[in-house]
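Letters A, B, C, D, E and F mark the chains as written, and numbering starts fresh at 1 in each.
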Amino acid sequence: MTLHILNPNSSRVVTDGIDAAIDPMRAVSPVEIRCHLLAEGPAGIETQAHVDGVVLPLLAQARALEDGASAFVVACFSDPGLAALREQSRKPVLGIGESAYLTALTLGQRFGILSIKRGSVARHIKTLGAMGLLDRLAADRPIDLGVAELSDRARTFARLTEIGTRLRDDDSADVLILGCAGMASYRLDLENTLGIPVVDPCQAATAMAIGRIALARCS
Amino acid sequence: MTLHILNPNSSRVVTDGIDAAIDPMRAVSPVEIRCHLLAEGPAGIETQAHVDGVVLPLLAQARALEDGASAFVVACFSDPGLAALREQSRKPVLGIGESAYLTALTLGQRFGILSIKRGSVARHIKTLGAMGLLDRLAADRPIDLGVAELSDRARTFARLTEIGTRLRDDDSADVLILGCAGMASYRLDLENTLGIPVVDPCQAATAMAIGRIALARCS
Amino acid sequence: MTLHILNPNSSRVVTDGIDAAIDPMRAVSPVEIRCHLLAEGPAGIETQAHVDGVVLPLLAQARALEDGASAFVVACFSDPGLAALREQSRKPVLGIGESAYLTALTLGQRFGILSIKRGSVARHIKTLGAMGLLDRLAADRPIDLGVAELSDRARTFARLTEIGTRLRDDDSADVLILGCAGMASYRLDLENTLGIPVVDPCQAATAMAIGRIALARCS
Amino acid sequence: MTLHILNPNSSRVVTDGIDAAIDPMRAVSPVEIRCHLLAEGPAGIETQAHVDGVVLPLLAQARALEDGASAFVVACFSDPGLAALREQSRKPVLGIGESAYLTALTLGQRFGILSIKRGSVARHIKTLGAMGLLDRLAADRPIDLGVAELSDRARTFARLTEIGTRLRDDDSADVLILGCAGMASYRLDLENTLGIPVVDPCQAATAMAIGRIALARCS
Amino acid sequence: MTLHILNPNSSRVVTDGIDAAIDPMRAVSPVEIRCHLLAEGPAGIETQAHVDGVVLPLLAQARALEDGASAFVVACFSDPGLAALREQSRKPVLGIGESAYLTALTLGQRFGILSIKRGSVARHIKTLGAMGLLDRLAADRPIDLGVAELSDRARTFARLTEIGTRLRDDDSADVLILGCAGMASYRLDLENTLGIPVVDPCQAATAMAIGRIALARCS
Amino acid sequence: MTLHILNPNSSRVVTDGIDAAIDPMRAVSPVEIRCHLLAEGPAGIETQAHVDGVVLPLLAQARALEDGASAFVVACFSDPGLAALREQSRKPVLGIGESAYLTALTLGQRFGILSIKRGSVARHIKTLGAMGLLDRLAADRPIDLGVAELSDRARTFARLTEIGTRLRDDDSADVLILGCAGMASYRLDLENTLGIPVVDPCQAATAMAIGRIALARCS
């Protein structure tokens, strides 16, 4: 049996980054963990059309994996297809956005979100409204870096630290969430620098999925 | 290393029931799981004074277990001492009330709570307000059975089914939570009878703790 | 120029019903109004996979109509593709679900929703959370009739009246919304019988779109 | 038949400004549109006593116009007398504050309000609470200009741009509302400068009233 | 100095009832307490036009009493003119609706409202939204008795008991509020019958005003 | 009979400060007012373990005072033991945190909290969620002064003014709350400097208790 992590974009680099992020959990997972990209997906999920457009191929991919699956994780912070996949599958299904929020709820009173792009903030707010979690949001602030800047690790970490400090000090966040699937490599350093917990969504969802696989033993 | 489940009352029967409820998860847990009662606790947590009064002995009990602990679960639906234990311990700490709510959030849009006593409803509502989750509550309805009736399994199941049906049909709950630590043995039958997921809080919290132990590998 | 009403299912009967429902507004519309079905859509939008699956063909359909369009209405109560179409089009875009809610906000303090199926209630609640409108919801109650019963007009009206009475008297709704695209023919009779306003979503959205076309003159 | 826009203050200048703001919509309106001032009203609605005090004369004015009215718009951002006029009239009644909020809901996820005076912010927040819309508010910030400064168009526009930029960048507003009846002439330039939609309340309400007049054909 | 209780209707009977309701507090009040009717007011506040229409004469009445006033209480459950009177007066001003809600917040987790007429429920909900207190409302249910029935004390008490029981048992209210100024004579019996606190708004506001007069000594 | 103010820490200085703060109300109080420290309490309530740990000795202290008590005030802004003491006592029980919030609700639309330490902000937010009052919170900002700085009155007042100004101007608070039991001596100066009401929690609670003692005459 396998825990399938479904990255709904077609990027091998992002998928490998997710694999590396969750790799330390393999040692204690009761099942194999495999990370998949979606060949039919875009290079990155950036627009609402991307979010909606990946659902049907994602459902097809998951349907093919259903029989040997212990659980599924949808590995995009916008949780595309999460509701549809829960409707389709008889196995536990978790989204990395939802799991990051739920994990943060146990680590602080108000979470701050470090988004990549300004344009995604409204989408997060809408999702948090749909989840009924807006009262736990401190603020969602974009780091607003372009592709070139994001490839500069020192620049990216400095910006994460700057915006994270603002979320902590001005917005009273006592836990932070990395608002995208590919920032796990900054998590621990950021946590140590800021002195409050920082949640990586892929790690949070994989951890919850491992728990849910255990829970399924009670049925 | 051990996952410690701390029942803050002094009942051996309740503690053994919790142990039985989470036993199937031992097969996939990366660490030993031990259930403890609290010798200084009351026979049952029924009043606000009970909730507040168990905190100091619970903290002392956890402090003695800290070094060998992978994680702690506070096993009373009112989550007594949860905030204080998180403040004290460097290990993951989960409450069964909180974990039941968070698990239910991933299984439906609005959860119904099957409380034992009418008197606990207000306490649950207050906790849900503190957690910012009231928009996800369908309703909280007591089964209002006395001790004698609760010892009659058929009577108890009939009443759980009756109130659960009301929560599902009149209050539009699409997932139910058993609002106390000792009802796990009814969970699966109730789920099958009502056709919607039913969450046992001890199982939910243990599952989340297993996930959190995995997550700790990423630090 | 044309106001395009896009029914995202492939049913000619439903599309004709929508056309009849909004027909009286043609006399005062500054532009032509055309109702379209979606050939690639399912016979009815019933599942989350349906909701997500129609988005790409709907976007393609709207893209082909963009140049001559004054505005678009997405004519399914679940508002599939609403956010994506707003992202794509430079013209006003309205969804019938959203428009029904906004119209109801001006006609009463708390609206009741008459859903067809129990299964859609959770989806409505989630949408209302995303829209931040849950405080204005009295209750959402399904009439739960099957296809055969729905074809019996007297039976359907009796059931709408029964559930509408409950929403008005038990749940304190002072305005009702027909929670589906095909019930407009019952609207006026139901309003007269219950004595509170009843909103048909297709009519509400078409009216708002006519207003928005007027508003566009100010740019 | 006529759409009556009722400015509840006695200023001819403000009334003429409203008339100019909505003038482009006359070309597509199915009925004549007339703007009225309230002779018994104050020069401007600035205090709660003003808000409450204009209701009775406003009701009298509307009563005299009832027979030939297609709809009424109350043209003060505080929506004085809106509930009372709805109670009195059998025609559609819209307030410019309410209409601005509802229109903004379809143009972005969180709206920012550009208020004239700090003292009106609390009144807006209270109204938004009464409407159940606080979750959609990004922030309400006053431009805090005096009468002399407001008569300097360049100064006013610069200040609107400054505060609008803050609402967009610090408060994550993705749509703005001009929080008073007399700022329409800045709307388009501000929208172009800031790159997000800007709603003028008089225009929004007139557009909604035109839609509502169309909707009335369905009864 | 005097605590002035301003009943904004013109009924001597209602005013005398208020006087009787608060009379036991005179023994411990540091100032004289006087109840006034409003000659210009209607016989009863029943419509929104009544609510808005009494504000100006109420302000005039209070202005004439300002110098010798220790505090003001507006004695109608709809709190007409409360905001305007606070704006006008330099003395503490309390409304009986607001005071009833605030008092109930300290006596239970969720309050039920016993309204007289169905038509006032929406107005209460709107006020509670403006006050941000909707999460504390269990339900608002009308007793819906006509004038003749209200003059029958046994009939009225039976109906209060019936609806109060429903609020307690079905809606989980743990404190009740009498939603009108003239029901104080039933309060104690109802409280004893139902076993949960029952708040009379005139008494609650007078008590808070006495406290506020004490607080003013600290300035 | 006596109004007992129970400071749950063991500091004589703090208790004397509370006594001085409420002293002006003694002249109009119908009963004696006595301030107590809690010998078993910590020097100050700073952690969650402190909050939970003082409950049992506080209950014991109150039990010994019950017979001669008119009312109790729990005099720590975190309101430790408030729910438990209400459960135990037949007399009115008020907490200073709760009373400060309720008083602020009548003095403005959105309150700002001046906390001492950053670490207490999350606890306040949680309490406000439990009370359902988050929509009335403008912001909670710490003055973050150490013990040495707090003993410097000029330094402390300057910092209160600085953060109070920010709460008023950036966060739109129109009333402020001193978020701790020992700041009453700054209240009036701060109010005069900032031009908006400032609430001291001990004074607010004592005033409400005096009102509640009056109210008890109606039973």
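Here is the rule we go by: a residue touches a chain if its C-beta (ideal position, glycine included) is under 8 Å from a C-beta of that chain, and two chains touch if they have at least 3 such contacts.
The structure presented is a predicted model; accordingly, all values stated were derived computationally and were not measured.
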| item | value |
| --- | --- |
| Partner chains shared by subunit B and subunit C (touch criterion as defined above) | A, E |
| Candidate from C-E, E-F or B-C with the same interface as A-B, over half of contact pairs in common | E-F |
| Rigid-body rotation angle, subunit E and subunit B, from Cα fit (steps of 5°) | 120 |
| Euclidean distance of C-alpha centroids - subunit A vs subunit C, Å | 33 |
| Whole-Å gap between the CA centroids of subunit C and subunit D | 27 |
| Mean-CA-position distance for subunit D and subunit A (Å) | 41 |
| For subunit D, residues that touch 2 or more chains besides their own | 126, 129, 131-132, 134-135 |
| Pairwise chain contacts under the document criterion | A-B, A-C, A-D, A-F, B-C, B-E, B-F, C-D, C-E, D-E, D-F, E-F |
| Contact set on subunit A toward subunit C in their complex | 47-49, 51-53, 55-56, 59, 81, 83-84, 86-88, 126-127, 129-132, 134 |
| Touch list for subunit D against partner subunit A, complex | 108-110, 135, 172, 174 |
| Residues of subunit C defined as touching subunit B within the complex | 118, 121-123, 125-126, 129, 134, 139-141 |
| Residues on subunit C engaged by subunit D in the complex (per definition of touch) | 21-22, 24-25, 27-30, 94, 98, 102-103, 105-106, 131-136, 184, 187-188, 200, 203-204, 206-215, 217-219 |
